[in-house]
Every structure is written in structure tokens, then in C-alpha cells.
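Two complexes follow with chain A in common, the first pairing it with chain B and the second with chain C.
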Partner chain A sequence: MSRYARLYVYFLRFSFSRAMEFRVDFFFRIFMDALFYAVTLAFFWVMYRHSPFMGGWNFDQALVFAAAVFLNDALHMTLFSNNLWWFPIFVNKGDLDYYLVRPVSSLFFLSLRDFAANSFVNLLLAFAIVVWSLLRYPEPLGADRIALFAVLLLLGLFVGYLLNFIFLVPVFWMHNASGLRETYFGLSQLSSRPDGIFTGWVRRLLTSILPFALIVSFPTRALFEAEIGWIVLQLVGIAVGLFAVLMLLWRLGLRAYASASS
Partner chain B sequence: MAKIGLATHGLARENPRFPGQAMIRVRNLSKSYTVHKKAPGLWGSIRSLVARQKVVKHAVRGVDLDVGEGEILGLVGPNGAGKTTLVKMLAGIIHPSGGEAQVLGHTPWERNNEFRRQIALIMGQKAQLWWDLPAADGFLLLKEIYRIPDDRYAANLAYLAEVLDVEQHLNVQVRRLSLGERMKMELIAALLHEPRVVFLDEPTIGLDLTAQRAIRDFLLAYREEHRPAMILTSHYMEDIQRLCKRIVIIDDGRFLYDGPLDQVAQAYAGQKVITVHLRRGDGSPPPAEALAAFGDVLTAGEDEVQLCVPRERVAEASAYLLAELPVADLSIDEEDIGTIIERIFRERRVEGA
Partner chain C sequence: MSVRLFLQVASVEMRKRMSYRVDFWINAFVGFAAELCIAWFLWQALYAESGKDVIGGYVFDEMLVYYVFVIIFARLVRGAEFEAHVSQDIYEGGLNRYLVFPASYFGMKYAQHVGGLVPTFVQTALFLGAWLVFTGGAGGEAITLTTVLMAAASLVLANLLYYAMSFPLHAVAFWADNVWSLLITLRFASNLLGGRMFPLVLFPVALRTANEWLPFRALFGLPAEALLGRVGFEAWLQGMAIGIVWLGVLSLIGRAVWRRGNLQYSGIGI
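== the complex of A and B ==
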């Protein structure tokens, strides 16, 4: 097992130990997310009572998409959300210092240190909804397509993480992160809408420079569409491009990091 | 010993103190920040929103420094003098604006892992351990981060926990520990991997006297055993006097003095302290105004008179005191090191005003 995998096992152990201490929060989080899932599914059901197709998808396809949105959201909440929430605070309070003196990737540490164990049950719940939505799909999907869907969902998750971090890195220069956070949050809502509802330059923008619309839609498209080469290529290309942008911004940000006086 | 004016710098100049073997080597290092000034009040905020007045703040101004193996260098200065900025540049946390630094042959702000594996940073005002977990769990994570072999980890942890007397607290959540116990755990966390260079930024701040003493004793013992190069910043002169043979006095980003602690008095103490113990019931001491003619009157009581006088007037003042007062005992001492340093900063503030 590689060193980073062993480090991640420690993060998991510590995060679970800590989460068990706060029992009320643990159960409250499960209740809140279950409510969110129920409301979203009801929303799609109501929408499709008025129109058989939306953004090119029928109700069954939209249900798989909604389930994929839940899974993407639960994964993001469980793996990254807490960590990225704290990042601007660390920068402004000088708490980044200890992360920078350790002989490991500071990005790895800052991004994955805190596993939201109290979201873990929701992750299982979201995964179960995805399985249910695929099982009830009226046509056979094929194991290869489902495997590709799973891989692309993870790639979409990675794109979402990169976008989130890229929106936060300017805190090195701006110091106040609330505007950055709100902007990211507003734009990230677009990932929970099928990309087919966007047209023209908005669609081009949301699937290239600000690729929020492809995070969940593209993996879902890979399940249903015949020609998927371009979908895969675009998702991989955008993930690689965003990773390069994050690395560049990170290096520049650390040069500007002023820490805080003691 | 070196009393430093506005230093002239020679890049890559060899320091005769550590010919070719300094573990920390700094040449002409500087750090400046651009900050914006804002007038007070709402109107000031509105004006600042439209047009900002930018000011360059020089935190460190072209300093030179060498620290050798087994040396504890004390970095002394008032708040905002540049101590922490210098330490953070040497730990690789912040980038300098100019100059060079080598720590164990590495440029710190390149942050390569080989460099980071060999240093430790301890900040008295910041915690590195996980707050909700026992310190022992945090140490396991550090074992993995620094790739400490099992046997070395067990031996180092046993040694550090025993010397710092915290063996019984290793499995207690960090947030349930006292401040002193937490600081000891932070020291263990920083030293488990046997760093060759240690940066200590106010390690005893806020601790009671017993805990301060325990940490000082530990640092001395650790230095003897492992011989790391250490840089210590502290506002407590007791820390500096007990731990450091050499100090750097820094103010406004410049080094004012870099040399042996015991020679600060010779370099800066233009004054000596005369203490006179008086015989009881032999009359009252002369008025403070008469004593003030020789220098600062520190005490003027019925039992004791204490004057701080310029060195060249010590003989004259002593003769006056012996002639005019019922002297039981008279002693002449150098000024206390803390007082000297305080006076240096006070005088610089007055000159700058």
C-alpha cells in the first residue's frame, strides 16, 4: 500500500473517531440529506408530469441523472467539502504553516485530511438510489456502459473538486473568501441540471471554461448515447486542463502567502 | 561579538564562526509586504474602496546569519521586529523578497521533501495536533508522514514522553490537556523525527513558571543529545538567558546585534547599576533630586538606594554615596540583560519618533 494510501487510512480512522463523538450532528446530517434527496426526486417527478422530455432526456433517464447528482454531491461532501471550507480560513489565519513544513503534498493534506464521516451514511444512501435507478431503467444498459458511467462519475467528481479549489485559491490575494465561496456555490448548482437545457454560448461556456454543466450530465450521457468518444475526450481534457490551472495557481498562491504574525 | 550598524552585505561571504559548516546560512535576506492604509471611520472605508493608499512594509531588511550544529540562537526583538517572518522564511513557509538562504544545503522556500524531513517548527500560539483526538493518534500520523521506522518511533516516543513527563497523558484527547501538557505534546510531535534544524517560535508563551522551566530543561537536554541547530524567538528573557549563548537583537527588520549573550552588556550597556544597602536608623537618604544628578534613580528607600549611572560616572557616584550615606554595603553591577535590551528598543523608538 502506498504511503499516501496509508495516510488516507489514518485520515479515515481519525475522522470516524471524531464523528462518533458528536452523535446528534451525525444523525441530523443523515436526516437533512435524506430530505434533500426526497425533495429533488419529487421535483423531477412533478416536472415530468408536464413534459415527457427535458433537455433530451425522458423521465427514466432523468431519474438516473438525479441519482448521479446525489452520488456526486454525497461524494463531494464526504471527501472534500469540509476540507475546502476550512482552506480560506487556514490561509487568512496563517494555519497553513504546518501543512507547508510537512514532507508530503500540501494539496493532498489540505484536500483530504478531513473525511466527513457523518456524511458517509448518506453516501451509501445515494449509492443505493443510483443502483435502484439503473435497475428500474426499462432497457438493458450493458455492464461496459455502467462501468464507464462509474469511471466518468469519478472524473466528474474530480472536475468538481478542481473547480471548487480553483475558486478558492484567489484567497491568497483577496483574503476575503465569502464572495468566492458564494460564486462557486451559485455556479455549482448548474451541475444538478441536465446540460441539454442550456443552449448557445451559455452551453459552450458551461461545458468548457466553467464546466459545471458536464460534471454529472456527461457521465450520464455516456450511459444513453451511441457516440460517446467526444464526451469522454472532453471530460478527460477538461480534468487535465483544470488540474494544470490549479497547480499553477497553487504555486503562485504559495509565493504570495504571507502567513500571519504570531 | 558583533554590534551591527546598517549592515553591509557580501553574498556568499564566509562566516568565520562556522567555516563551511553552518547548518543555517543566510545572506542579505529581505521580506517586504505591500499593505494598504485606511483612514478610520466609514468615510475612510469608502475612500479606501475607491483609491487605496499602498504602503510597503519592510519586515526583514537584508540580514546575514549563520547557525551551527548544536547551537541555540536567540532571536530577540519587540513585536513586529521581523523575528517570526525570518523564522518562517527559513522554515520555507514564506518566500523572501530578496537574498539567499540555505538550510542544510537546501533553499527553504523550494520546499523539497528532503529539506522538510529534516526540520521542525514549533509555534507556541498554534497547534499542530488534532484537537479532538489523543496525542498518540497524531503521533502515529506523523510517523507515517516522516516515514519513521517502527523501532525508532517507539524509542523516540518513549524517550520524549519520559523526559517531558507526559507518558500518562498520551491517550488523552488533546483538548482535555492543560496548556503546558499540550505544549509538551507539540514538542514531541515536532521532534519525533529527530530534525537536524528546529525553529521555536515562542514555545513557552502563556505557560506557568513550572512548565516554562520544564520546557527549557528539556530543550537543553535535547540539544546535548541530538545537537540540532535551533533558532528560538521568545519574549521571555528567562528563555533566552537560560537557553542561548548567542543572540541576535532585531528591530524594524534589521539586526542590531549578533554575538554572545554575555557581551551584550559590553556592547550596549553604557550604564552600571550601583546598589547601596543602608544602615538602619542612621538618618534618611538624600533627596532623589540629588541622586538623579548621577543617573536614573531606580530605588530611593530607607534601606536601599539603587542608581543606574553612566559608566564614566560610576566612581564619582560611588564616592558621593559613600560620603553622604550610612553605607552598610555597596555593589556595582552590569545592567540586567533584559533591561539593556528593553532600553535599546525604547531609545530606538524615541529616535524614530
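== the complex of A and C ==
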């Protein structure tokens, strides 16, 4: 375990020094994410001008949800996004070989090697918005609930990472990843709206087989709802299930992988 | 650049885009289905929870039809924006070959952009067919030949306008090592101010009035409003005029940035 921690510290050092070489991109990224936050907040502000509730949540609750969406997005962009972008390219060019021969878990190495230091400032900004949204919430939330919210947000992040990877693994057979990326991107938009708006079989689908609706909504619901046992249980169960699916697909994919020009 | 060459370049690009058929169908359905699914459930919840039948002058069916068209129009307006390769040409030094071609670079790239739109036209026809079959055109009762022509003219302008907006951002690649984030920034701003996220009538009056003088409304909101008969002929003409003025301004900016960048282009990529 300590070997992996030491390795991750090297990843961080390398990523920060590289980010500092491309300073213009660094500022462009900050601007881009700040605008994303502003646009999303404006969306909720406009919607709540026409309705007092959205998916059962009032404006204050929706602000906490929106802030959680920002934090989830910033964490995903910082930790996983770059790595998962490169994964299909590595498969197609045969560069995956370099990851498979290292004496560490290839999934660990592939998923976490490139820490997006240029998204790190946005992570701080997103965290500040979460704190602001919790502080301005009109009712007391309780430290235990906020702690649970934080833990479940991390679990939701893990579910988002697993889904993203699962959507990319078919590149071992399909070769072109553009459609896979589009599919994930299209479906991931479902996580940026409160799960309470979805009803019927679509809701069941989005909280089980394609659990996009629970990535951020479930942690946020854990803040506001009285009964939270089922929320925690479902999120943990989905994370375990998706991890098993990813491991299975990864093994099958590696069997199909034929190195260069795979 | 001759029309023949323009069409040939567009044709090559079209065949390239159609060569990955799985991607074509995935792009066609998943993104569209996800967006429409969100719009459907979001507005169903908002209409129910607000207790209103009409929001911003739209009943539920009309709101949904607005989203159907604005999702389709956004594809026609943007095309394959991240595959236009202008910034890629600059990074990798691929611009060299275009500089020695006996044709304008801008014309070549726009021909590729237009060729890349052909799959989107096919998808549009499929979606419109599906909408007519499954809903019988519900919510689109105000669509007439006149509104279709107004929307078509708006779409041509919108496509040129979006290209003129993104071209200077691509050209920033002469100085910066990554312009991807600038293009995403344009996408976010145009989604909100262009009527892609919700009808612009939902903005407060002051914001709506100010936004009418910006170039964004002409991208998605104006074509959709024109098609659905929600904008009168004079107001449409005014919207088009504002869009055309912005097109001129942005073209001049693009040309200036391009010339300045060309002066320091070394031809070896970054």
C-alpha cells in the first residue's frame, strides 16, 4: 500500500511541474470551469423563478446539489479525466504494453497517473461553493450528516469513474472510441439534474443498471432526508457491483488486446 | 476557391465521417435520447410542481417540441466542432501543406465543416420522421412553409456565425498550447445565452432584452422560435440583422487574429 502511496506522490510532482510549463492553458481551464459553474447556477436560478420546487427540492437544496455536481466534476476532471481520455488511444496504438509490464496494478497506473494539476484550482473553487451552499442553507444540517454527505460524494465519484471506464473498455473490440465517449458524455448529463425529476422505469434504470442519477443526487439526499439507510446501502451495493463488472470486462478486454494496432 | 473544389473537399469529409457507422448511430441516438429524456422529466416535474399549465408562454407539449428542435439545430449549427482541426493544424505543423495549396485555407476548412454536417442532416431527417410518427407533430401546429423557410435561413446564418465565433478561438493556438478549454467555454456560454438550455423567454425581461443584442440568440433560439411561429417576421428580420452584423465583426476579428498568428507561425508545430 505504501508503495502505491509513494508512487502517487511521484505522479503529483510530475503533473504539477508539467502544468506549470503550460501556464496559459492553466488559466484557460480556470476560466472554463468558472463559467461552467456560473452557467449551471444561472440555469437553476432561472428554473426556480418559474417553480418553487424541482424534483422535490427547493432552491436552497438545489444549490447544495449544484455545488455537489461542481465538486464531483472537479474531482473527476482532476483525478481521472485525462487518464481516461488517453486510455483508448493507448489501446489502439499499442502503448498499453508499457502499463501492463509495470510491477504495479495496471488499472491503478492507467487511472491515476496523470493528475490534472491545471484543474486543481477549480477543485478548490468547487469546494468553496459547496461550503458556501451549506453555510447559507437556512436549517441546521448537523456535522454527522455533512460528514456522511462528504463520504457518499466520494463514493459517488468512484461510481462515476467506474461507469466512465466501463463505457471505454469496449474499445478493445470496437477500436474507435469516439462513439463510446459520446455515449458516456451524453448519459453523464443525467447526473447533473436532481434524481427526483425522474419517475417510473427510467428512474429505476438510472438508479440501478445505469446509475447516473445516484452519483450526486443520493449523497445530497442523505443530507436532507430522515431515512438514509437505503440510500447508503444502494450506493455501496452499486459501487461494489460496478467494480466487479469493470474487473470482468478488463480481463476479457486484455485477452482481446493484441498490442500495437489492436 | 471554386465551387467544384469546395464540393469535392466537402464530399471527402462526408465520406470520412460516414465511415464509422457504429459511431454514427451512437451519436445519433444516445446523445439525443439523453438530452430529450432530461428535458421531458425536468419539465414534467416543473409543470407539476409549479401547478402551472403554461410557463413562459409554452404548454408542456410545446416546450418539448422546442427542445426537440433546439437539440437538432444545435447539431446542425455546431457540426463536429472539435474535429475541424484548425488548432490541430497549427499545433502539429499541418498548416504547411494548406499554405502551398492554390486555395484559401478558410475555404478548405469551411468545406470540411460543411461535409461533416452531412451525417447530421441524415440524423435530423431521422429524428424529424420519428417525431412525426410518434407524436403526430403535437406541439408544432404553428409550423408552416413560411416558418420553415425562416428557420432554414436562420440556420444558415447560425452555422456561419458559430464557425466565425470558434475560428478566432482556434487561431489562439498560434500562441497557446491548448485551446480546447476556450472552445468548451464558447459552448457553455452559447448554451445558456443561445437558448439551448431553455427558451430565452424564461430569462427576466432586462436580461432578455440585453441578450437580443448579443450574437448568441441567433444560434439556436432564433431558428427554433422562427420554426415554431413564436417570432413575428419583423422581429425575425431584426434578429437576423443583428446576427449578420456580428458575423461581419467576428469575421474581421478572425481575420486579424489569423494574420497576426501567421506572422509568427514557424511551420514545425508545437
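Keep in mind that, in the parts below, the second predicted complex is superposed on the first by the 259 of 262 C-alpha atoms of A that agree within 3 Å, B and C clash if a C-alpha of one lies under 4 Å from a C-alpha of the other, contacts with A are read in each partner's own complex, and residues count from 1 in each chain.
What we mean here is this: a contact is a pair of C-beta atoms (placed from the backbone, for glycine too) under 8 Å apart; a residue touches a chain by one contact, two chains touch by 3 or more.
These numbers were taken from a predicted model, which means no experiment stands behind them.
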| item | value |
| --- | --- |
| Touched partner set for A:183, first chain B, second chain C, both or neither | second |
| First, second, both or neither for A:127, with chain B first and chain C second | neither |
| Chain B versus chain C as contact partner of A:250, first or second or both or neither | neither |
| Which of chain B and chain C A:137 touches, first, second, both or neither | neither |
| Contacts of A:85 with chain B and chain C, given as first, second, both or neither | neither |
| Greater residue coverage of chain A in the superposed arrangement, chain B or chain C | C |
| First, second, both or neither for A:158, with chain B first and chain C second | neither |
| First (chain B), second (chain C), both or neither touched by A:8 | neither |
| Partner chain C, residues of chain A touching it in the complex | 22, 24-25, 28-29, 31-32, 35-36, 39, 42-43, 46-47, 49-56, 174, 176, 178-180, 182-183, 185-187, 189-190, 193, 196-199, 202 |
| Touch list for chain A against partner chain B, complex | 3, 6-7, 10, 13-14, 17-18, 21, 94-98, 100-104, 254-255, 257-259, 261-262 |
| Touching residues on chain B, where the partner in the complex is chain A | 33, 79-80, 84-85, 88, 91-95, 111, 113-114, 116-117, 119-121, 123-126, 128, 130, 132-133, 137, 140-141, 144-147, 201-202 |
| Residues of chain C defined as touching chain A within the complex | 20, 22-27, 30-31, 33-35, 37-38, 41-42, 44-46, 49-50, 52, 55-56, 175-179, 181-182, 184-185, 188-189, 191-192, 197-198, 202-204 |
